[in-house]
Structures are given as structure tokens and as C-alpha cells.
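What follows is a pair of complexes built around subunit A, which joins subunit B in one and subunit C in the other.
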Partner chain A sequence: MGNFYTSTDHFALMPALVLALFGCAGLFFRRISGVAMLLAGELFTGIALWRQLQAGTINAFNGGLVIDGLGLFFNFLFVAAAAITGLISYRYLDIEDEHHPEFYGLLMLAQCGMFFLATGTDLVTLFTGLELMSVTFYVLVGFLRESRRSNEAALKYLLLGAFSSGILAYGLSLFYGLTGTTKLAPMAQALAAIDVTHPAVLLALITTAAGLFFKISAAPFHMWAPDVYEGAPTPVTAYLSVASKAAAFALLLRLFLGPLAPLRDSWQPVVTVVAILSLTIGNLAAVTQSNIKRLLAYSSISHAGYILLGIAAGNETGLRGALLYTLVYTLMNLGAFLVLVAMRRQNLPGETLEDFSGLMRRSPVYAVLMLLFLLSLAGIPPTAGFVAKAYLFLALVEAHQYVLAVIGTVYVAVSLYYYFRIVRAMFAGDAKPEAPLAISWGIGVSTVFTALATLGLGLWPEPLFQWVKGVTR
Partner chain B sequence: MISLLLLVPLAGMLISIFLPARLSKYWAAAVSAATALLSVQLLRTGATAERMPWIPSLGVDYHVAADGISLLMLVLTTVMTLLAILASFESVKDRVKEFYALLLLLESAMLGVFVAQDFVLFFVFFEFSLVPMYFLIGLWGGERRLYAAIKFFLYTLSGSVFLLLGIIVLYLKSGARTFDAATLLAASLDPVTAQWVFWAFFLAFAIKVPMFPLHTWLPDAHTEAPTAGSVILAGVMLKMGTYGFLRFSLPLLPQAGHAREIVTVLGVLSIIAILYGALVSLMQKDWKRLVAYSSVSHLGFCTLGLFSLNASGISGSVLQQVNHGISTGLLFLIVGIVYERRHTRVIADFGGLAHAMPNMSVIFAIAMLSSAGLPLLNGFVGEFAILNGAYQANALWAYWSVPGVVLGAAYLLWLYQRTMLGPAQEVNARLQDLTVREWLTVLPLVAWAISIGVYPKPYFDLIAPGVKAALEALHRS
Partner chain C sequence: MTGLSLTTIGLGHYLALSAALMLIGTVGVLTRRNVVVILMSVELILNAVNINLIAFSKHLGQLHGQVFAIFVIAVAVAEAAVGLGILIALYRNKGTVNADEVDLLKW
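What follows is the complex of A and B.
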């Protein structure tokens, strides 16, 4: 046993401390000062993460926490997602007439949980992080107190989320029972020596995997996603669909590539099947949706499938592809949701396909930007979405998973069809005389950022490749 | 210089966004004219290759170069775009700014396809060109425009995703950490891989051409597209498929197992396209749809020439691609000119147009004869070389495709008879003949058609080195 709380531990914990502090402080600020608080918090978190990036890998809390490239990669992603969500929220909350101090604080507390999901190396730390994030999200999803949909979504999410957390906890506790440790590194050694076909091992693996698949909303554990995405306040949906999913992926990577790596032969087929199911269900169900939030919910299920394809490939390129895809997905999906947030105006939900009708005539800039995000989501060059998909296909071919590669490519065409239903409405639909978009400076700044990133990383992905390469080394 | 050629339309597009809408068409015409001059200048001076790293960690380069074949395609692209823009001056009244901006964007993408020497770069241009075309069809097209646009997009996209997979397989199997097309195509592969990659490429290019039986998107897209869209689709975008065959599919053949059988299958498919396209054209009641189906037949000749795998067939095919751009471009322009006056494309609504529009009927006659392959016009030269090549490859191919020439003459002459000759109906009697602007759009193509028909040697000389390189790639083992 080392020292209880060294300066290294403190340094490693810094971003989480900042987030918790600012998050708690944020609970007392309204509107602009709340956003300012959030941005200040994200700035300091960013600085802390930056310092850690320069310090190299840090093991802290006697192997309970590790600050490595992978953890930092995800944390930078969370910073971007949280900051953007904050920036787009204040106007939306004004319109919804729900402006309470807690909102920005909750965003940061959820992010605090994500920090532990991405950096924890102890089952207890990881599970605590997961619950901190989930519980915060239960509140955020139901943030519109007057809206029945929001309340229903929150309850649904709470019930199913708690259920899945329970299953995950069951799996994790079985692993603890099998190996006698909660730390990932010794657990990996113990599992390497164990008989992998033992029923208890398989049961532990299956329950753990099911819990994780629920959190990343992969089929067949995706049932909650469309309802929750539709009911939640749009900025929260955006945050949920990118940050929470990425955090759950971070956990999945930590577990599957860490202690569960010896069980690869058991989980790889499962991941493959889940990936194919997610692609199929997500893409096919999205085709008939007329509510954009539901459409994007199904599309996010299919994107989870794509990320899983990278893990199913089972090589280093696949892992890089999965990371790359997660980051790109975060940017482009946030972008699409930004436009959706701007569509929400007084007395106008702005969520259906019809609401997008003729957007090109009313607000050409946002119509073109939405087009960019949708092209990227579909994977048309020269956008970042294309680069990410191409990299995943490269990984699959390298791993000789030709069938998976073909399935992945075929669904590009399918996804284009439903994304272009939105495009068609925006550009070819008749314009209705409606109130202009609710564009605040926060939405403006965020849109410019996400659009530049989506196009820029498509035209010049080299820095991203280098970063991801460094992470997986 | 090549990069400049790609940048001019792109920059023109970006600037046009900030110009007032009433200036858009003049600006677009000026930009595309400048691009056309630039491409002609390139043709005269020759182009130097440009290369710099783009994504070093994967070995992707920004590498553009142009040999004679590419240069010819570049000129075809810039001329067609310029004429398409000129042809749209009166007919496009809605969302004018967007229309011309998209045309310029499309021009940039198409030019990129013909100069890219790196597979990733090629794919980016190849696939991105779909986006502006989707909007051109979907926003300014005919009644069923949205259906035609998404059908076009999905159909061609489904093919090109396999192109991407093929490229990736080639990249990994060759072991060369580069996406440079020449390097990858020269790498030695096992026959099974080569065959899979060949078929993946085939799917993408065959849909683009389109080859029978993958042609079903074409009649809808060509018919529903606005005149400018049809001209560019037929004139340039179909050639991206045949160009891809020539550059990327043929070099794979020697390594693919059962190359002979593959070529036989493709030759037979081409012949089916020739005959089937011609027969279906014969039955059309819609003027524009007839011209659209005639493209299937004519592109059948182009692919037949390619898969003859000899100098005569391939060079004839390349020239015929240009010819088809000229003659079908002209035919679509004429359909557009008539449609602007009568707002119908049903052949039965016309008759006796020659009385009201004598000049137009002369131009139409030239276009028709050029398309039908009359000697001293461009179509004859290309078809002759192709049939010569096909005969050398397999005499049966030539025998079976000759009826296509006859049928081609039949449906075109019959079309001419039904629309231009005979007594003029009341509604058609007072139509205005060609305006100055319309003269400007058709004359360059007429002049080009005659010049190729009378003196094709410079074109064959221009094409020869590229054809020689393709043949060398074919005969290495």
C-alpha cells in the first residue's frame, strides 16, 4: 500500500476536481452566468488535461486511476461536447421557459462521471463514474418539468438505465468473485490464467457486455434510445448521444481491451453480431421516421454499430478507427443537433421533417450547414465522416473481415436515403412563413466550430491520425 | 497549372455566393469560359504533374497529372460546362445563384476525376460529383425530379462504395504503403484478389457508364434533369465510368484469373447495351427519353471498344466518348431549346418544325447525323475504329454490333421525320428560330463535330500515348 493521497494522485484527479467544483458552483448560477461558469470550468479542465497530456502516462491511487492517451483522448472529446452543449442551451431553455440554475452544473457533474469512465482502472471507480453520469442524465432528460414527453422519457430512461446498471454490476461483481480483485491490471492476469469456457466466466462476460451495449445504445439493447432521445430537451439529447455514448465506449474499451482481452474469442463474435444488428436495425428503422430526433436516434444506433465494427475488426487499425469514428461522430452529430436546437422556437417544436421544409429559403446558411453534417453522417467525401468510415473499412479489410466490410459499405447507401429525406425537405420543400431560427451567439459559435471541424478533418485528417496513433501506441 | 484549373471554378463558385443573383449567370459564364480557355491552353502546352503529400501516414498524395486522354476529357468537361451554363440563361429563373454555383462546383469535381493519379483523391472527386448533380436534378428538374435525383444518387453511390472497398483491398494486398494508382496497379496480386478488385471496380464504373443491366437510373436522371444537367450528365459524367474502366480496370485484367472469360462477358454486355438501347430508343414517345436511351446504346460502343483490348478499339472508344459528348450534348441542347418554346417533350406534339425553325432543323440534322455516325462527321470515325477493333478481337462482336449502327440511324431519322418534317401543326407554326445566344451554345459543338469528322488525326495522335500505356499494362505478365 502506497501513500493515501500523493501529489501525483492530486494531479491525476485535477480535471475531475475542477469539474466537480465548478459543477457544484454552477448549480447557483442562471442563464448567461451559468454558461460563463460552465465555460470557465471547461477551460480549467482543458488546462488540467493539457498539463496531463504533457506529463505522459500517470498511474494514480494505487492503480485505481490512469491518465493515459486513451483517457485524455476521450476527456478532450467530453470537454468539447459539454462546452458546446452549454453554449446551445441557454436560448433553448429560455424558449422552454425552464431556466434553472442546475442545468449547467448538471452538465459538468455528468462530465465528471465521464472522466472516471475514461480514466478509471478499478471496477469500483468505473462503476461510480458510470452511476454519477447516469443519474445526472436521468435528471437532465426530465429537465422540462411541464413536458409530459420529457417526464416520460426520464422515467423510461431511469427504469431501463437502472436495470442495465444492475446487470452490469452483476457482471462486474462476478468478475470480482472470479478473480478476487477490482483492479483491472491484476484482474487481467487472473483472467489470463482462468479457464475461459467456465460457465461463470461466460455469465459474467455476457452480463457485462449486455450492460455496456445498453449504455452505448447498440441493438438489441437500443429500445430506450428513440423514446429518450425524442423526449429529452434537444441539447440534452445532443449531449446524451455523443458524450454519454463516447464515455460508455471508453468503459467498453477499458474492459474489453484490458482484463477481458484474454476472453477475446468469446466476446468478439458477440461484438460482431451486435454491430451487424445495430447497423441493420438503426439504418432500417430510421428510414421511416418523420421526427428528426427519432431519426437521429436510430442513426446514432447505427453509428454505434460502426464503432463496434472497429472493435470487431480486432486489430490496432480497428481500434484507431473506432476512436477516430467516435470523435468524428461527436462533432458531426453535435452539428446536426445544433441545427435542430436552432429550429426550436416559441410555439414551434421544430422537430419534424415538415418543420425543415423549405429551410433553404428561410435560412440558407443553416440549411447548407445541416447538409454538410448530414453528408458527413452518411460518409460522403470530403467530410470527416468519410475519412472515419474509410478508416474503419480499411481496418476490416486488414483483418480479413470482408463480409463485415461489405455490410458496412452497403449501409452507407441506406443511410444516405434517410439523411437525404431531410435534405430533400430542406431544399425542395415549400417554405412556410415562419419565425426565423432561434440563433444565439452560442449556437453561432458552436456551429462554426463543428462545421469547420467536420469539413476540415475531412480535407486534412493527418493531425487526427497522428493523435489517434499516439493514443493507441 | 492543373491545380489552377481545378481551383478556378471552385473559387468562382465561392465568389458567386457573394454576388447579386442577377449577375450570377454572367459570372458563371465568365468563370467557365476562363476555365475552358485554361484547359485549351493546357491541351496546347501539355500539363506537368503536381504532387505533394496529403495524408502521409496512409500514403495518400495530392497527385494530379494529365496525359492526352485526360487533357481531351478536361477540354470536353470545360466546354460542356460552359455551354450548359449558356443554355440555362433563360430557362433557369428560380434560385439562380444556387444553380450556377452548383454547376461550377460540379465542374471542379469532374475535372478532378480526370486528373487524379491517387486513388483516394480520385474517389473523393468521383463521389463528391454526385452531390451537386443530385441538387441540379432534384431542384431544377422535371416533374419526377426528386425521385430521379435520389435514384441517381443511391444507384451510383451503391456502386462507388464498392470502388472504395476495392481500393482498400488493393492497397493492403499490394503491400505498398501508398495510394498512388500507378504503383498499386503495377503491384503483383494473386488472381483471386485481382478478380475481386476487378469486379468491385466494375460495379462502380459499370453503374456510372451505365452498362446493361445497370442502366436503369439513366433514363430517369437524364429525362428529369434540366437541360444543363442532361448535357453534363451525358457529356461528361458518363465518361467518368469509361475513363475509370480504361485507367483502373484494364490494368487489373492481366492478373485476374479467367481474364478471357471476363472480357467475353463484358463484350457481350456491351453488345446487349448497343442493341437493347437502340431498340428501346425506337419505342420512345418522349423526345428527351429517346436521347437518354440512345446514350445507353452509344456507351455500349464505347465499352465494346475498350474491351476489344487493342489499339484501334481503345483509341476509338476514347474518341467516341468525346463524340458522344458532342452529339448527345447537342441533342439535349436542342431538346432544351424546343422545350423552352413548347413546354412539352412528347414527340407526337411536334411535326413540321423545320418550317418554323429552319436554322434549328439544320443544326438538329447535323447533330442527328453525327450521332448516327455519318461519314465526315465525328461519330463515324469513332464507331469505325471501335468496330475495327471489335472485329480484330472477335469477329462475332463486330457482326452483332453493326445492327446497332443501323438501328441508331433508324431511331434518329425517324425522330427527325416525326418532329421536323411534315405539315406544321398550328401551335408549332410560329415558333421562334434560334436566338443569338442559342447559336452560341450550339455552334461550337457543330464546329467540333465537323472538325473531328473531317480530320481526326490530331485526336488519335493525342490519345495514342495513353492507349499505348494501357496496352503495355495489359500485355505485361
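What follows is the complex of A and C.
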């Protein structure tokens, strides 16, 4: 026992401490000081993560927390997502007239939960981190107290989220009972030694997997996503669709590639089927949507399917492809939501396809940027989305999963159809005389960042390849 | 003269109880329409988890499971508090706690 809380533990925990501190302080600030608080918190978190990056892999809390390349990769992604969400929320909350001080603090507290999801190596840490993130998101989704849609979305998210957390916890409790440990590394050894076709093992695997698939909104556990994405405040939808999904993927990778790796023969077919189902349901349901938030919700279900394809490929390239795709998806999806946030003006929700009609004539810069983000989401060169999809398909071909590669490519064509419905409305639709877009400096800065990243990583992806290679080594 | 043979209550009984609670909770979430009852069903599921954890902890002779159970209890409380808060906000705007009438967004 001896040292209860060593300096290594403290160093490993630093980003979470900063986030918790600034998050709690942020609960008392609103409007511009809230944004400043958030940006300061993200800056210090970034510095703490950067110092950990220099230090290499750190094992802390007797194997309860590990700071490795994978955890840091996801945490840098969360920092970017939270900072951008904070920057774009200011004007939106003004228009909704819901400027309560808790907003920016809650963003950081949710990120604190994500930190533990990406770095935890103990079931207790992981479960608590997951719940910290989820419970905070229930509040954020229902943040527009006067809006019935927001209330409903929060209620649906809460009921289904709590249900899925319960299922996941049941699976985790069974794994604890089967292996006698809550730490992931000894659990992997114990699971490698026991009969993996025992019904109890399969029950534990099924319940754990169902809970995880729910959190990443993969079909057939996706029913909550369109409703919640539509009803939540748009900046929260943006944050939810990228950061919470990435955090749940981090948890999925930690569990499936860690202790559950010996059970690969059992879960690989399940992951493949869920990936194909997500691609099918996400893409086909998106075709008929006229609300852009709903459309992007279904498209995010299909993107979850693409990331799962990388895990289903089962090789090193597949894992790299999944990580690459998660990062690129974060940037391009945030970009698309940025434009959607700017579309929200006084007395105008700006969420339907008609609202995008003739955007090219009213505000050409944002129309072209939206085109860029949609091209990237569809996976057309020279954007980052193309690079990510190409990498994934390469992994599938390497693993001789030709059928999956073909299915993935076919659904790219389907997704082109619904993304181009927005493009056609923007460029060919009639311009209605409407108020100009609500563009604040925060939205401007964030759009420039996401657009440059989406285009830059498409033209020059080499640094990203190197980073992802380093993470999976 | 030991005519009575008392079967000791072992791990299997606790796991059966927990599985039953889990099943009742799941059926409750899927079939009941009152939001408060759905929240209660979720609590049943989390308590099934707790029984599992405590039973395994006792069986294995360690404390890990009990620590986990305490965290699960804390999480369940936080979820219930936030859930009821959201429910009150919805009730003020809409005047119902019936999940079927929460239909502004398509399910």
C-alpha cells in the first residue's frame, strides 16, 4: 500500500483536476466571462495534457488510470470540441434568452467525465466517468427550460441513457464476478484463462456491448439520437454528437481491445452486424429528413457505423482508421453544426431544409463553408473526410473483408444524395429576404479553425498519420 | 436427529435474485408509460447490479465489489435527482408525466 497519492498520481490526474476546478468555478459565470472561464480552463487542460505527452506512458493509482497515447489522443480531441462548443454557444444562448451561469461549467464537467473514459483502466473509474458525462449531458440537453422540445429531448435521453447505463453496469458487474478484479489488465489475463463460451461470459459480453452501442448511438440502439439531437440546443447537439460519441468510442476501445480481446471471436461478428445496420439505417433514414439537425443525427449514426467498420476489420490499420475517422468526424461535424448555429436567428429556428434555400446569395462565405463540410462528411476529395474513409477501406481490404468495403462504398453514394439535397437548396434554391446570419466572433474563429483543419488534413494528412501510428504502437 | 436440512443461501441465490430484478426492471422500462415508474424500473436495474457486486464481493472475499456498489448507488442518486428535475420542468410546460403524451418529437 504505502503511498496513497503519489506525485505521479497527481501528475496523471492534473487535466481532470483543472477541468473540475474550472468547471465548478464556471458554474458561477455567464455570458462572456463564462466563455473566458471555459477558454482559460481548456488552455490549462491543454498545457497539462501537453506535459503528459512529453512524459510518455504513465501508470497511476495502482493501475486505475493510464496516461498513454490513446488517452491523450482522445483528450486533445475533447479539448478542441469543448472550446469550439463554448465559442459558438454565446450568441445562441443570447438569442434563446437562456443565459444561465451553469452552461460553461457543465461543458467542462462533462469533459472531466470524458477524461476518465479515455484514460481509466478500472471499471469503477470508467463507469463513474461515463455517468459524470451522461448526467451532465442530460442537464445540457434540457438547458432551454422554456422549450418543450428541449424538455422532451432531455427526458428521452435521460430515460434511455439511464436504462443503458444500468444494462452496461450489469455487464460490468458480471465481468467483475467472473474475473475477481475491476482492473482491466488482470481482467484480461483472467478472461484469457477461462472458457469464453460459458453462458455467463456471453451474458456479460452482450449486456456490456449493448450499453456501449447505445452510447455511441449505433443501430439498433440508435432510437434516441434523432429526437435528442433535434430537441437539444444546437451547440449542445454539436458537443453531444462529437465529444460524447468519441468518449464512448474510447471506452469501447479500452474494453474491447483490452480485457475483452480474448473474446474476439464472440464480439467481432456482432460489431460487424451492428456496423452494417448503422450504415443502413443511418443512411436510408437520413434521405427523407427535412430537419437538418435530424438529418445530421442520422448521418452521425452512419458515421458510427464507419468507425465500427475499422474495429470490425480487426487489424492495426483498422484501429488507426477508426481513430483517424473519429478525429476527422469531430472536426467536420462540428463545422456543419457551426453553420447550423449561425442559422439560428431571432424568430427563426433555421433548422429546416427550406431555411438553407438560396444561402449562396445571402451569405456566400458560409454557403461555401457548409459545402466543404458536407463534402467532407460524404467523403469527397480533397477533404479530410475522404482521407479518413480511404484509410478505413484500405484496412478492410488488407483484412480481406471485401464485402464490408463494398458496402461502405455503396453507402457513400447514398450519403451523397442527402448531403446534396442541402447543397442544392443552398445553391439553386430561391433566396428569401431574411435576416443575415447570426455570426459572432466565436463562430467566425471556430469556423476558420474547423474549415482549415478539414481542408488542411485532406491535402496534407501525413502528420495525422504519424500521430495515429504513434498512438497505436 | 437432524431431520431438517437447511440449504444455505449461496452465490447462486443472489445471482438469481439479481437476474430477476434485472428482468423486472427491463420489462418495466419497456412497457410502463408513467415516467416516474420508468425511473423506478431503472433503479431496480441498478439495484440488481448492486446485489451482483456485493454477492461477488462476499464470495471472492474482497472489497472491490463493495466499493463499486457504493459508486453505483451515488450515480443512481444523481440520475434520479436530475431525472426528477427534468420531469418537473416538463410537467410545468406540458402538464403530464405520461411518456406516450411526450410526442412533440417523433419517438
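Heads up, the rule we're going with is that the second predicted complex is superposed on the first by the 472 of 473 C-alpha atoms of A that agree within 3 Å, B and C clash if a C-alpha of one lies under 4 Å from a C-alpha of the other, contacts with A are read in each partner's own complex, and residues count from 1 in each chain.
One rule holds in what follows: a contact is a pair of C-beta atoms (placed from the backbone, for glycine too) under 8 Å apart; a residue touches a chain by one contact, two chains touch by 3 or more.
Not measured: the values here are computed from a predicted model.
Student: Once the shared chain is lined up, is A:A336 touching subunit B (first), subunit C (second), both, or neither of them?
Tutor: In the superposition, A:A336 contacts neither subunit B nor subunit C.
Student: Return the chain, subunit B or subunit C, that is in touch with more residues of subunit A.
Tutor: Answer, by number of touched residues of subunit A: C.
Student: Just to be sure I read the superposition right, which of the two partners does A:V406 touch: subunit B = first, subunit C = second, or both, or neither?
Tutor: First partner only, subunit B.
Student: Regarding the shared-chain residue A:L327, is it in contact with subunit B (first), subunit C (second), both, or neither?
Tutor: neither
Student: In the overlaid three-chain picture, which partner chain does A:L240 touch, first (subunit B) or second (subunit C), both, or neither?
Tutor: Neither subunit B nor subunit C is touched by A:L240.
Student: By the touch definition at the top of the document, which applies to A:E398: first (subunit B), second (subunit C), both, or neither?
Tutor: The answer is first: A:E398 touches subunit B but not subunit C.
Student: Which partner chains sit in contact with A:L123 here, subunit B, subunit C, both or neither? Use first/second/both/neither.
Tutor: Touch partner of A:L123: subunit C, not subunit B.
Student: With the two complexes superposed on chain A, say which partner A:A304 touches: subunit B (first), subunit C (second), both, or neither.
Tutor: A:A304: touches no partner chain.
Student: With the two structures laid over each other on chain A, which partner does A:V201 touch: subunit B (first), subunit C (second), both, or neither?
Tutor: The answer is neither, since A:V201 touches no partner chain.
Student: Show which residues of subunit A lie in contact with subunit C when the two form their complex.
Tutor: Per the touch definition, subunit A meets subunit C at residues 123-124, 127-128, 131, 135, 138-139, 142, 145-149, 151-156, 158-159, 162-163, 165-167, 169-170, 172-174, 176-177, 180-182, 223, 226-227, 230-231.
Student: Where on subunit C does subunit A make contact in their complex?
Tutor: Residues of subunit C touching subunit A: 15, 22, 25-26, 29, 35, 38-39, 42, 45-46, 48-49, 52-53, 55-56, 59-60, 62, 64-65, 67-68, 71-72, 75, 78-79, 82-83, 85-87, 89-90, 93-94, 99, 102, 104-107.
Student: Which stretch or stretches of subunit B touch subunit A in the complex?
Tutor: 54-58, 98, 120, 123-124, 127-128, 130-131, 134-135, 138-139, 146, 150, 153-154, 157-158, 161-162, 164-165, 168-169, 171-172
Student: Quick one: in the complex, what on subunit A touches subunit B?
Tutor: The touching residues are 360, 375, 380-382, 386, 390, 393-394, 397-398, 405-406, 409-410, 412-413, 416-417, 420, 424, 427-428, 460-462, 465-466, 469.
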